[in-house]
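Two complexes, one shared chain (chain A), two partners (chain B, chain C).
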Partner chain A sequence: MHIAVLAKVVPDYEVPARDFELAGNRAHSRYTRMIGLYDENAVETGIQLKEKYGAKLSIVSYGHGDDVPILRKAIAMGGDTLHLVLGDSDDPYVIAANLEMALEQIKDVDLVLAGQQSADQDRGIVHGILSEMLGYTFLAQISRIEFDQDRWTVHQNHENGSRVLQFSRKAVLSITSSHENVPRIPVVRAIMAAKKKPVEKLQGIDAAPMKAEEIKVEIPKLESICEFLPLDDLQQTAKILLARLREERYL
Partner chain B sequence: MKTLIIEKIEPKIIGELVTVGRILGETPDLLAIGQGEIPGTFNRAFQCRETIAANLVDSLAELIQKNAYQVILLSATTLGSEIAGRLGARLKAPVLSEVIEVKPDMTVKRPVYGGKAVAEYKIPEGHVILTIRRKYFEPALLEGTSAAEALTIENPSITLLSEDQIQTQGVRLEDAEIIVSGGRGMGDSGNFEILREMAGLLNAAVGASRGAVDEGWVPQTMQVGQTGNIVAPAVYFAVGISGASQHLAGIANAKCVVAVNKDEEANIFKRARFGIVSDYRNFIPVLIRALREEQ
Partner chain C sequence: MRVPYWNVDYGFLIDVLAVPVFAIFFSGLYSHYRKIRKGKEQLKLGWGKANVKKGPVFLKEVFTKSILGTRIYRKFYTGLAHGLVFSGMAILTLGTILVFANVTIKLPVFRGAFNHWFMSFGLDLAGISALAGLLFFFLRRLFPPDRLVTPKERTGFFPMIGLLALIIITGFLLESLRIRASGPEPASFVGNFVAGFIPANGPILSYHRYVWWFHGFIALGFIAYIPFSPMVHMVLAPVNTALADPRPGPKMGVIDFSSFDDEEGEDMPPMGVAKLGDFSRKRLLDFDTCLWCGRCHEVCPAAQTQRPLSPKMVVATLAEFLAANRFTDEPVDVIGIDAIFNCTTCAACMEACPISINQPKAIMQIRQNLVMERSELPELMSKAYNSLEQRRHPFFGTGAGPKDWQKGLDIPIFAPGKTEYLLWVGCAATYDERAQKIARAMVKILSAATVSFGILAKPRCTGDPAKQMGNEFLFTEIARENIEEFDSLGIKKLITLCPHCFNSFTRHYPELGGHYEVIPHSVLISDLIAANRLALNKSSESFCFHDPCYLARRNHIEQPPRRALEAMGTLIEMPRTKRESFCCGGGGGNYWSESSGIRINQVRAREALDTSSSLIATACPFCLLMLTDGVKKFTEDKKVFDIAELVEARLKLG
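Right after this comes the complex of A and B.
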């Protein structure tokens, strides 16, 4: 069994809105870079499958050469190999074409996992496009994966609950966060060992971008001004709060 | 622009998509997923009983090309995200997800960086696939029902083994005018009971942040945020919620946010109308007493 996990390095997604700044149409380069929020859930899911079924686990990314030290975290968590396609596009079709190229070169991948969406462009569509390019099936919002007798059984979250699905083809799965795939914190020895692992760098390829012109990116104004209620007497605080909510016709 | 909505038979969601379709031109046609009557009057409606999106793509692409639909509208749900990317690649069409604003000149806006910025796009002629974020468009009133042409699926590759629909007690999160939500600061699954008690007195729904869901304290159907439920209540009580941008993106349309958090530096206070810097264990029981006294 060979599993590939797609991991994207993004600007710090925990920067609060009040401190967020653009440079041109993208996040300012001063922010720390890190593996995307849901991509870490996907890495954790991949590691659990590796541990349970003895799978080989490849980490695949598209981005800058500078991303390598950040991506090594996925190796320290439990990934076996790291493959980075060099490129700087953030077009979903270009990214998907480059990831397809990398996966075709890696060969024999049975299952591709990716976080449900990147933590910068927040699109959640690259994995679907990629699956179509690869000719694999695609399922979204997967929280648990099991394998038995050549069949994958997966748990899919949806707005009204969840369901259990089964298939036997190769697939791309988008992974959502759950209490079962909270990313592990790598131990120091694993971090040190990950630094010595070779990285395969692949030259990116040209591909046709999406036919939609990005006109502008703006930071919306935060209009809310918080009124902190007095805390000397909490009973009074509660009464003031309810009165204010009624005065302003929220209740 | 000839437009097709693809959506489960849920009148509010279909209504939101009809509103978007009308901004772009005429009332769209509908492909309804699942069983039941088709709500609303459509010039042309199709119905497919298969609900696994991965099994639908081949037939959808054929239907779209045969009928020359240009704009495909989906809701930004599990179904929508499962279809949009594959269909886009199949049709070689741009895909814009989580759209929050649509204009007749074919410009659309969508949030990026966890809602900290908004990107605007111009859509060219030809096929385009849009997934629409919930609660940003007033649902059109769907009157009457429509007869539908059946769309059949051949050789599905995915099998449904079981389905678990969470039965919500009380008010549904997406319909709630008041929501009481708890975060990691709640500390424990059992501590959500106090929020349920408060919600009962306010006729409110109970929600949670991603942190609380990841801890396993509450089911994911209660998750509010960019990747959970997008809500638009009159009042949103955020209890023990720090206010990560991904959470704030889910409550962008809440009219009034009341934040209860013992950390005065918590980001949630930047979004709140009223702030109570207190341990919820001290304040919420007092608020519950005040609500009881009012009854």
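Right after this comes the complex of A and C.
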């Protein structure tokens, strides 16, 4: 069994709203870079499958050469090999084409896992496009994966419940976070060992981008307005609060 | 004149018997030594600094903590009882040695004033003293305070108290029988008194012989039994205190990770401690020496708020592992992971320990192993750890940007060769909105006193939270980054707002090559007031001061913040203060921990509020945050302030 996990290095996804600023329509380069939140869930899921079924686990990424030290965390967590396709496109088709190229080169991948969406673009479409390119089944929002007698059983999470699905082909799964795939903290020996592991850097390829043009990017500024309500009569205060919330269309 | 072995035939046989008895005694001690030798490292030999240490022995501590047992007297009656038994038995032993010397080398001890005042009066007084002390111990074991029995009680004291008392009582009886048969000895007041109750017409000489042999046998039996009973602390406790580094705090040191580089190496050392055999010899000596007296238990903030940790339980468990030779078993399975992470590293246990056991170091070494080798740490701590690793600060989910605290202030950036002090802001005062006010206040204070200072362009963390959470690797990585930046900027002097940063810079950074002159903000403020560089408005306000553990207990900085408060109003002390301060609950990474049940910060806040002082002052951002939260349970008033905030608000301007 060979599992590949797609991991993207993104700017800090916890930058406070009031400190966030754009530079060239993207997050300012001053922010710390790290593996995306859901991608870490995907790595953790991959490691659990590796531990349970003795799979080989490849980490595949598309990005800058500078991302390597950050991606090593996925190796420290339990990944076996790291493959980085060099490129700087934000276009989902270009990214998917490059990842497809990497996966074809790695060969014999049975299952591709990826975080349900990247923490910078938040589109959640690259894995779908990739599955089309690879000709694999695509299932989104997966939280649990089991394998038995050549069949995969997966749990698909929805807002109000879950669905169990089975398939026997190769697939791309987008992974959502659950209490079962909280990313582990790598042990120190693994961090030290990961620093020495070779990384395969692949030259990116040109591909046809999405037929759309980015015109403008805006991040709304958060405003906090504080309003004090009278507290003489609690019932009356509750009524005022309810009215105000309705007035502002929060309810 | 007294005659040795009076009325006893073949009395020298007791002396002959002493030879195998001492052989058993030393063999028993050797068995302790053999176990302790299974620990990891050699005790460091060689001359220490300033001649206070010879080989592994701290000379001053030999006389103070070892021989005089100064720390035992922190509980006066227990200390007094120990003093009475120890000094009494020491004098009686000396008396017995002198008798032996009289027999063997004819030392004239039974003549004149020496016989009167020492051999008669002195030895009787010593016996009475020791008996009084033993009576105290007997009653205390019969009606034990909670600390002796919680969470478990060490047994074996009653037989030893009884045996020791019997030796003294038979000694007095022996003396009385001798006096009854041969006439009063003027200064032997106990012997003369008891002799008065002995009938004149009995077989006194026979009784005297029987008692003489009985006394001799039980005394020898006691000596032989010492190494196999809790009384071995008579030997181990002085040794342990003499070998304990007297500097305050657990002295965690740093780990050289280069030894872990060779993955294929056959003998990979563990990170931290997993098995008993991973501990150093000094730690094993600690466990072997511990009497389970529970002084650590009763000052531990975790134990006193019914959390799963008791330092006594940790050391007692490790002692049981040692006694059972379980060197390859993992004690954390018995101690519990929760217990290990509940330690706030406040070091109150260590401060209270009368025999200088380093409980926090043992706990932290197990924690290091859990974190670095097993990746096991509580959820909130792991979030803080992740943030520290990725963002270089532990305040995950903060709503504050790195420069938010500077809004409206014109703060100089440290200029190499021009600026004197680096104002080290630290993570809490950068990323927590409440703690930011400390940094803002300090900037205004430094500006008012015209101190040459600057900050770093990009905020940093010392890495101390990683160290406290048990990840020495991450700490070392962050510390090295900081040292590199300090070197590039030529930084030599630092002002810290946080005692944890101060402790890290002064205790751990030098071991990684970073040597700086570091001054805590409370000390600098006090110095500036004393030098009349800060003028303050004094009022009738009263302040109580919560001593941060990392300032008072770990670094013995107690007076400067008090002097600053006294310059503004009246100081009121809490019952637990200075080195005996009670932790706020936020240390050891426990600022990022789930709280349920009795909360440490609320206990401390209640204690502070009970002083009825106008305001509660502290000198640590973590203490500030914990106490601010703790006070909320009892009042809505804003009561807790950092010393910098208080000073800044009372500055006489112009």
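Following the convention adopted for this analysis, the second predicted complex is superposed on the first by the 224 of 251 C-alpha atoms of A that agree within 3 Å, B and C clash if a C-alpha of one lies under 4 Å from a C-alpha of the other, contacts with A are read in each partner's own complex, and residues count from 1 in each chain.
Here, a contact is a pair of C-beta atoms (placed from the backbone, for glycine too) under 8 Å apart; a residue touches a chain by one contact, two chains touch by 3 or more.
Keep in mind that this is a model prediction, so the values were computed, not measured.
In the superposed model, A:Arg18 lies in contact with both chain B and chain C.
With both structures placed on the common chain, the touch criterion links A:Ala193 to chain C but leaves chain B unconnected. Judged by the touch definition given at the top, the superposed model places A:Thr32 against chain C, while chain B stays out of reach. Within the superposed three-chain model, A:Leu242 lies in touch with chain B and out of touch with chain C [touch as defined at top]. Touch criterion met: A:Leu251 reaches chain B, while chain C stays clear of it. When both complexes are overlaid on chain A, the residue A:Lys221 reaches neither chain B nor chain C.
Annotation for chain A, partner touching more residues between chain B and chain C: B.
Shared-chain residue A:Ile185: touches chain C; no touch with chain B. Once both structures are placed on chain A, chain A residues 14-18 are touched by chain B and, in the other complex, by chain C. For chain A in complex with chain C, the touching residues are 12, 14-19, 32, 34, 184-189, 191-193.
Taken in their complex, chain B has these residues touching chain A: 52-54, 57, 77-79, 81-86, 88-90, 93-98, 107, 110-124, 126, 128, 157-166, 178, 202, 210, 213-216, 220-221, 226-227, 229, 234-235, 243-246, 248, 255-259, 264, 267, 269-278, 282-283, 286-287, 289-291, 294. Residues of chain C that touch chain A in their complex: 257, 260-261, 263, 271, 371-375, 377, 382, 385-387, 390-392, 396-404, 471, 473.
Residue ranges of chain A in contact with chain B, taken from their complex: 11, 13-18, 20, 22, 25, 27, 37-38, 92-93, 96, 116-117, 119-133, 137-141, 143, 153, 156-167, 169, 174, 176-179, 182, 210-220, 222, 224-229, 231, 234-235, 237-239, 241-242, 244-245, 248, 250-251.
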